[in-house]
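Chain nomenclature is as follows: A, B, C and D, assigned in order of appearance, with residue numbering initiated at 1 for each chain independently.
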Amino acid sequence: MLINSADTVVADALHGMAAAHPELDVDVERRVVLRRDAKTGGRVGLVSGGGSGHEPLHGGFVGYGMLSAACPGEVFTSPVPNQMLHAAAGVDSGQGVLFIVKNYTGDVLNFQMAAELAEEDGLSVERVLVNDDVAVTDSLYTAGRRGTGATLFVEKIAGAAAEEGAPLDRVAALARQVNESSRSFGVALSACTTPAKGSPTFQLPEGELELGIGIHGEPGRERRAMMTAREIADVAVGAVLDGLAETGGPADGPVLALVNGMGATPLLELYGFHAEVARILAARGVPVARALVGNYVTSLDMAGCSVTLCRADEELLRLWDAPVQTPALRWGR
Amino acid sequence: MLINSADTVVADALHGMAAAHPELDVDVERRVVLRRDAKTGGRVGLVSGGGSGHEPLHGGFVGYGMLSAACPGEVFTSPVPNQMLHAAAGVDSGQGVLFIVKNYTGDVLNFQMAAELAEEDGLSVERVLVNDDVAVTDSLYTAGRRGTGATLFVEKIAGAAAEEGAPLDRVAALARQVNESSRSFGVALSACTTPAKGSPTFQLPEGELELGIGIHGEPGRERRAMMTAREIADVAVGAVLDGLAETGGPADGPVLALVNGMGATPLLELYGFHAEVARILAARGVPVARALVGNYVTSLDMAGCSVTLCRADEELLRLWDAPVQTPALRWGR
Amino acid sequence: MRDAEFFRDWLEAAAAAVEREADRLTELDSPIGDADHGTNLLRGFTAVRTALAGADPSTAPGALLQLAGRTLISTVGGASGPLYGTLLRRTGKELGEDPEVSDTALHRALEAGVGAVAQLGGAAPGDKTMLDALTPGVAALGTSYRAARDAAEAGALATVPILARKGRASYLGERSIGHQDPGATSSALLLTALADTAEGTS
Amino acid sequence: MRDAEFFRDWLEAAAAAVEREADRLTELDSPIGDADHGTNLLRGFTAVRTALAGADPSTAPGALLQLAGRTLISTVGGASGPLYGTLLRRTGKELGEDPEVSDTALHRALEAGVGAVAQLGGAAPGDKTMLDALTPGVAALGTSYRAARDAAEAGALATVPILARKGRASYLGERSIGHQDPGATSSALLLTALADTAEGTS
């Protein structure tokens, strides 16, 4: 691993972000990445965060038209309430703060504690849970669907609304709409290695893959013999469309598509995989309004990919297209 | 690997690029990625290309303010002259065409043949060779320094000049200036696996690394026991600065810095590595005018990184900052 | 009666156990989790040690546990940080400001602490979580410290055949069966540290 | 005299040899290259087969070789595509339009072809490239086809101890020593195919 030590990876990365992005206010001590102009805009503040190891999520999405602040935890470990409190205080300009929380027990509990404390400090805080991963059944018998690729859609679209000056309840409602309109499915071709453990989080023999994986190096729901990109796309897109069907809404409405790499899969392969995803969606009569292909919600050095689709109405498309200027997502300015 | 078959990876990826980037004209048959408006701008045409497996280089750099066209070869195999001829014809609007060629025997020979044929067809063609890798001694006893990370700087800055309407000789001169002002050094923490071979191109035991690698899965100049990010940065930045010193120019002038991932190294680690690079440059009194951290000139699923520095005068900085709108590099519009 | 020294000893013993077992906890968290439980608790209990060392010598048992709980919350993260933090904070609150507490009072306070964990996390015994060690372990405090340790250890072992319904392991469905829950294992360490401390001093 | 059929047979034998040895060529290209030489030539010679099958039966030897050379240039890429393409194109040009050519004419033409390769790539024998098999191999044609094959094979083997000065292997410096050059190996295949074809028909 390209590190100094397992203990310092997160702090080292924040030092690097500070050096590479003078336009951001990176508080290495308190572990918060903030927009420099977060407090001056009179906008709703958008705060997200989670374990590190999913870069560019979330720190790479801080900036104009997206997040106001991000709180990176240790690798695969949700951040602690102090970080979110500091972020909330740093971005609140009186319009209130939205916490965007991926649905993992740790993230939920820590953001919940932070929200309670922030409200004691007099801030208005709303929370939205992202839970788009169809590989997990959302029932009393699980911790619920995980938050994965849809986080990018939620952060981008809520960020655009906040940038436009939408009030907290509207930003939160849009964020919830995006989440409810999004579903994801992920596949691993290799396990990942956390700096602390130093060896793969699970054993995946050559020639096998894991279907229905999360983004924390956990194994998936099922192990199979290696499949072609086309076969994998069939399974993933099928699962996502089935999941979307359960949410209601028009089966042939336009979608935003994210073909996301888990970290170690070459972009060459991701584009080839996207060709299959696009082919299947065309065959199913689902128009792809916008597509994004790349490594956005990763799992360290895991090989594999995920597909996220979001049914987008005119308003969501407009907000998706709105200018954004962050380290990892940038257009329109 | 996330592929259908080794034979189809390049075509499949081009299909995916076509689907993901309607703003580009992707000719899957002829294997050329073009700007849709390449011929209408009255600009010098910029054509690059090389083996696939280095994505986003080059196809991801086609668009406003950067390349007019890219020619992807098979994985790690330079493209054939027909591709460059087709690209040249597709982008020439009478102002001439610049071929940006990484210094590998295959790329050099194929672009040379294409240039001869294009000139027979009446086009004005200039060629610029990129050869920035200090791990290779540039002497009669080698094929010369390899072209690696500096390619991005050359393509961006020459692209900005072309976009502004600079004539062919000026665009070529700037491209050469950027190349002569740039040096790189790369490190591998793992080998990569090509689709055709299906197994790692060389054996690198856990706990060892290769110093001075290229971007084609070839081993480096030297194998060492694993080093910390700080130690690796010391070696890499030291080698690059030594290489730059030989080119003359002010030792304390501002630089553009690219901390580039080889494909499988997590962005978290790349940022941590960049922190070390920035620290060393600060200690050496070299101001970093602009920094770019990410996977730009990759080697499939190789773990590792490279450092490229380019001594940049006011004019190069201005052209670096100029708007660019491509799949992989985008700012200012 | 148990004085502040006893609680310091307990937390120190817990920290030592976590240090010793951190790799094993992370290893248990690999097949059914995200391979960080040991690192998480090690970071937290190292901070607890520092916090306790800095705390006024006159700090009462309840305040010590609350301090430890707050420290875990602000340093661990993940699921286990808020849960263990809540366990200790709530237990500490129940103990009030008395400089010495009875075994009965500690038992009652721990029951309240475990209840707060169940409420915060929404889990119940049988879901393959820390509650599978905490609940029987604390219940057995009514008998003896030794019984509490044995019950907690048995509870942790008994998570092996369970299909997880809470926490990350629940994502695996059937594949969560056959693995011991890391949180239940660390809970058994905490109650073992308590029992060992009580036996060594009573 | 060698007619067009002879040249078709030679190129077919070369294509068959490349097909048989492709994995080995790629394997040789791994430690000192980029692991594509076998795939490159397989793609090229497969296209050559198709091109020859589509060529008018009356096509003369020189034109056949030029067609094969152009086909390699437009399908192989890499370093070997232009170099082998130039070898065949230049050899073909030298042969002119005669429907039959003598062994001496072929020898001269191949010498010109090898010269063109040296000029294009800027390499000389001893640099650890295809020239280390081509140059001695073609020179030995003055003696016999068998001698050409033996010299080419010996030349390929003799690249093992050489420190590379051209092509990718030169990036490795000292580490290029001890490996056989893939291009010299494929060149030996081409001259072996020539010798086998000549022996089979003479």
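One rule holds for everything that comes next: a contact is a pair of C-beta atoms (placed from the backbone, for glycine too) under 8 Å apart; a residue touches a chain by one contact, two chains touch by 3 or more.
Not measured: the values here are computed from a predicted model.
Think of each touching pair as a link: the shortest run of links from chain A to chain C has 1 of them. For the pair chain A and chain B, the distance between mean C-alpha positions equals 29 Å.
The distance from the centre of chain B to the centre of chain C, each centre being the mean of the chain's C-alpha atoms, comes to 53 Å. Between the Cα centres of chain C and chain D there is a gap of 73 Å. Among all residues of chain D, none touch two or more other chains. Residues of chain B in contact with two or more other chains: 75. Touching pairs of chains, sorted by label, consist of A-B, A-C, B-D.
Touching chain B in their complex are the following residues of chain D: 26, 30-36, 39-40, 43, 73-83, 120-121, 165-168, 170-173, 175. Per the touch definition, chain B reaches chain D in the complex via residues 6, 51, 73-82, 104-106, 109-110, 112-113, 135-137, 140-143, 146, 194, 196-197, 201-202, 214, 216-219, 221. Across the complex, chain A meets chain B through its residues 1-5, 8-10, 12-20, 52-53, 55-56, 60, 75, 189, 228-230, 232, 259, 263-276, 278, 288, 291-293, 295, 298, 300-301, 303-305, 325, 330-333.
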